[in-house]
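What follows is subunit A paired twice: with subunit B in the first complex and subunit C in the second.
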Partner chain A sequence: MNLIIQALPDFLDGIKNTIIYCVISFALALLLGFALALMSNSRILWLNGPARIFIEVIRSTPMIAQIFLIYYGLSAALAIYGLASYDNAWTAGIATLALNYSAYEAEVFRAGFASVSKGQTEASLSLGLNEQQNFFRIVFPQAIPLMIPPFANDLIYMLKDSAIISVIGGVELTSKIESYRNHNGSNLLPIYFLAIVSYLLLSLPTSYFARSFERRLRAAL
Partner chain B sequence: MERAVFAERRGILGARTSFTALNYGFYILLALAIAGFVYYFYSFREYVFLDLPVLLQGAVLTIILSLISIVLAALFGFIGALGRLSRFAPIRWVAFVYVEVIRGSPILVQLLLWGFGVSTALSSLGFDPYNVVYGIATALQSNSLLPDPQPFNAAFYGIIALSFNYGAYLTEVFRTGIESVDRGQGEAALSLGMDSRQTMRHIVLPQAIRITIPPFTNYFITLVQDTALLSAVGGIVELQTTTTSLASTQASNPGRQLFVYVFGALIFLIICYPLALLSGFLERRLAKAD
Partner chain C sequence: MSYEMNRRTLLKRAGQAGGLLTVAGGLEALLAACGGNVSTAGGVAATPGTTPVSNAGLKSPNFLQWGSDYVSGAPYVFQDPANPNGPLVGFEVEIATAIAGLMGGVKQKQVEVTYGNLEQALQANQIDMVMNGWEKTEDRQKTELFSDPYYRYGQQVIVRKDDARFTGKSITDVKQMEGLTVGTGAGYRAETLMKADPKINVKSYDGNIAFSDLVQKKLDAFFLDLPIAAYYITGTGPGATPIPELILLGKPIYPDDYFIGFNMKNPDAAKLLPGINDALARLKKDGTLKKIYTKWQLMNDQQAEIGVM
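So, the complex of A and B:
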């Protein structure tokens, strides 16, 4: 108990950093994922080819391999050009989370667009809207509510996956456990429970929101 | 208006035909990119065959660890699903808390918890998994088959952490699978004189398994990728650990270090991508069967 009270301020600092990592990365992942979804839905091979390859490669390699590649491998290569200082735990962590999740968000966007019935597109095209107008005024607004629950779920996944940033020395919630392990070696279990409870406190409200939103959405449809 | 729509449709179709020439350009570029990637490996040719055996050893261990973990995870998941569907409220609650806590916290923290927290707590109580297994193996006169105590214990707690984690996800998969079987079938089986265990075994489970196969393979793919997290705990020389340690010996040569990380990621890709294709194939076949 003493240990928990002693560790708490440090852990709050870690929670703050975890939230910062996730908010920035998730915003970037949404933007990139949207672009990837548009690209992979395109009929132009020059757009959908690279997007499909990117998505498959990202989804088939572990995130920890990606973060090592970006943090150690790439910074070693960047050092040749004297740019290694830009490749720190913050940029590498955010880049990895954003790139990794953009592949998953792209699939969510695609599923969302596909779930708007084809008849609506046909109707709007026959009313004289062009493809851009149809997409931004008819399909996209209707897809947004359908995509919010999977986005909330992915945000929770990202919250948990941001723990991986601790392996490259980034300061966040999980790295606080590591530092405590080095300081008080013998009695560790309370520290782990504190970390797990912190993650639960962060993730459970989001998942509760996702579930209630989903229920209301199902009732509305 | 009608004419405008028609013209636009024709425009799209016309555009599509004129893209084909551009498409060849894309395939040429793709071929060039692949050739460039092959050349990248060729430029490190004296290292490829030096690194490959080391990395392949790690890959074999990764596959073995994932297979053992997924079998145990299926066991945990099956027990958890039965718990969540149990008639007794306390059992339902235990299963619910198990699923929520495990799914609400990062797998890396759980790996650290088992690998450092639980293992030190248990060893201070006098429990050492290696000694237990060594005793059993000695009784079976086969203790020479065991690896060294340190990697054995690391693998033991790693497998437990992974399978305990994935058990929670599979609990939900199995539960939805069991619940998706029409209730009338269970009622019919019961009214035909089967008891509840026979109903579960002969009527519900065979149909539930069919539905759970695609999500199960998807979780297996993520499990293979999550074994890479064991490198953060240390003690097991799976693929990511071998990659990282190989790279760290090359710190003086940055280009070569990047190459090792790319090589390691490529082997993960070679393991996981066929599995992803398989799961997509199974999903499509099941969708067709319905």
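So, the complex of A and C:
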């Protein structure tokens, strides 16, 4: 119990950092994923080609390799111009999470757009809407509720995947757990208990809000 | 929680292609116990004419199974980059070989355990003992027995050679690092020392320590065990490439000792401990330890204080 009280402020600090990492990264991943989805749906080869290559390369390589490449590889290149200090655990961590998840979110967007019935597009086009109007006013709004569950799923994954930032010295929940594990080998149960509760505290509200948000959107349609 | 832990461990191991070592170690011990003839790295016959050191309490009577982390474990125990398929090297490998040699017919067997999991591996009796730059912390004393010290080390400050803030100065207390961003290893003693002062911005690396971060000015300094600094910065020992941009600032501070740790709850530990202490005493007296430390450029006058001659 004493250990839990002693460790709590540190764990809260870790939770705070994990939230910051994930909120920024997930927002960037959604933006980039949206752009990638539009590009890969395009009929123009030089738009859909690069997008497909990016998505497949990112999805097919391990995140730990990506984070090392961004943190160590990019940093070595930036060092030539004296800019290496901008490539720190925060920027490299957020960039890796955002780039990695954008590939997955792009596929969620694509699947969402494809799930809206073709008849909707046919009807809107025959009513005289142009392609842009059709996409932003008809297809996209109907696709959103379909995409919320996979987005929530990915956000929960990201909350746990952000642990990878600890390999480049970033401070987040898992690095805090590791540090307490290293210093309290004789009394590990409270640490594990705190770790599980912390991750539950992060994940459960996320899924709860995603569900209620989805319910509202469906009701609005 | 266990999801990404497992994943991280898996990735790390896969990259090192060394994950099977633990299994292989167990298998080999099993084969040896069945009378099979298995060759392993290390293992020197006891010097004739002397009584061998007691090997009572070993998990497997023919193997001294010591836990340590060879992934980024230089110069303690590591894979020589010039000889990636050869036996493990490092000053602790040589000490383990020497101890096993004194036991007669016993071979040293390194069991790979991630540094952060060594304590748990010991509690689970997966190994006879831990030898991995192991310190006698207050927490470990609750669950472990310790051998006599075998090396006296200190914490070394590392800075950039061209950093004007440190020219002609030396750091003798962590207080002097207030306001600086200082790197160290996760779980290292230097981390504990610096975390006690909230004004120091500590950056802990889990696994590989990125000395390039200091060269690239992401940090102001590193603060860690002297043997690590000597190997990675000065370039002592096989496979080491010195980093000319960095220097060791002054002498190591906060001296402390490395010990071999045993599981207090395991009744065999109390039987093994006297044998290990006996072996360490002989190695200190006959100059074997001194020879090992000299070879790795770790020998200094502090060693006399723990009886290394």
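Criterion: the second predicted complex is superposed on the first by the 202 of 221 C-alpha atoms of A that agree within 3 Å, B and C clash if a C-alpha of one lies under 4 Å from a C-alpha of the other, contacts with A are read in each partner's own complex, and residues count from 1 in each chain.
By our rule, contacts are C-beta pairs under 8 Å (C-beta built on N, C-alpha and C of every residue); 3 or more make two chains touch, one makes a residue touch a chain.
Keep in mind that what you see is a predicted model, and the values were worked out from it rather than measured.
Overlay on subunit A: subunit B and subunit C clash in the combined arrangement. In the superposed model, A:Asn88 makes contact with subunit C only, not with subunit B. In the superposed model, A:Leu188 makes contact with both subunit B and subunit C. After overlaying the two complexes on the shared chain, residue contacts for A:Asn17 are found with neither subunit B nor subunit C.
In the superposed pair of complexes, A:Ser175 makes contact with subunit C only, with no contact to subunit B. In the superposition on chain A, A:Thr61 contacts subunit B only, with no contact to subunit C. Partner contacting the larger number of subunit A residues, of subunit B and subunit C: B. Once chain A of one complex is fitted onto chain A of the other, the partner contacts of A:Ser102 are absent, as it touches neither subunit B nor subunit C. Residue contacts after overlaying the shared chain place A:Ser40 against neither subunit B nor subunit C.
In the superposition on chain A, contact is made by A:Asp161 with both subunit B and subunit C. Once the complexes are superposed on chain A, the part of subunit B occupying the same space as subunit C corresponds, among 147-155, 183-191, 201-209 or 273-281, to 147-155. Shared interface residues of subunit A (contacting subunit B in one complex, subunit C in the other): 62, 64, 72, 76, 79, 160-161, 163-164, 166-167, 174, 177-178, 181, 185-186, 188, 192, 195-196, 199.
Considering their complex, residues 62, 64, 71-72, 75-76, 78-79, 82, 84-85, 87-89, 160-161, 163-164, 166-169, 174-175, 177-179, 181-188, 192, 195-196, 199 of subunit A touch subunit C.
Residues 43-46, 49, 56-57, 59-66, 68-69, 72-74, 76-77, 79-80, 125-126, 128, 130-131, 156, 159-164, 166-167, 174, 177-178, 181, 185-186, 188-189, 191-192, 195-196, 199-200, 203-204, 207 of subunit A are the ones that touch subunit B when the two sit in their complex.
Considering their complex, residues 1, 3-5, 8, 11-12, 115-116, 119-120, 123, 137, 139-140, 142-143, 183, 186-187, 191-192, 203-208, 210, 212-213, 215-218 of subunit C touch subunit A. Residues 1, 4-5, 8, 12, 16, 19, 22-23, 25-26, 30, 100-101, 104-110, 112-113, 116-118, 120-121, 124, 221, 224-226, 228-229, 231-232, 240, 243-244, 247, 251, 254-255, 257-262, 264-265, 268-269, 272-273, 276 of subunit B touch subunit A in their complex.
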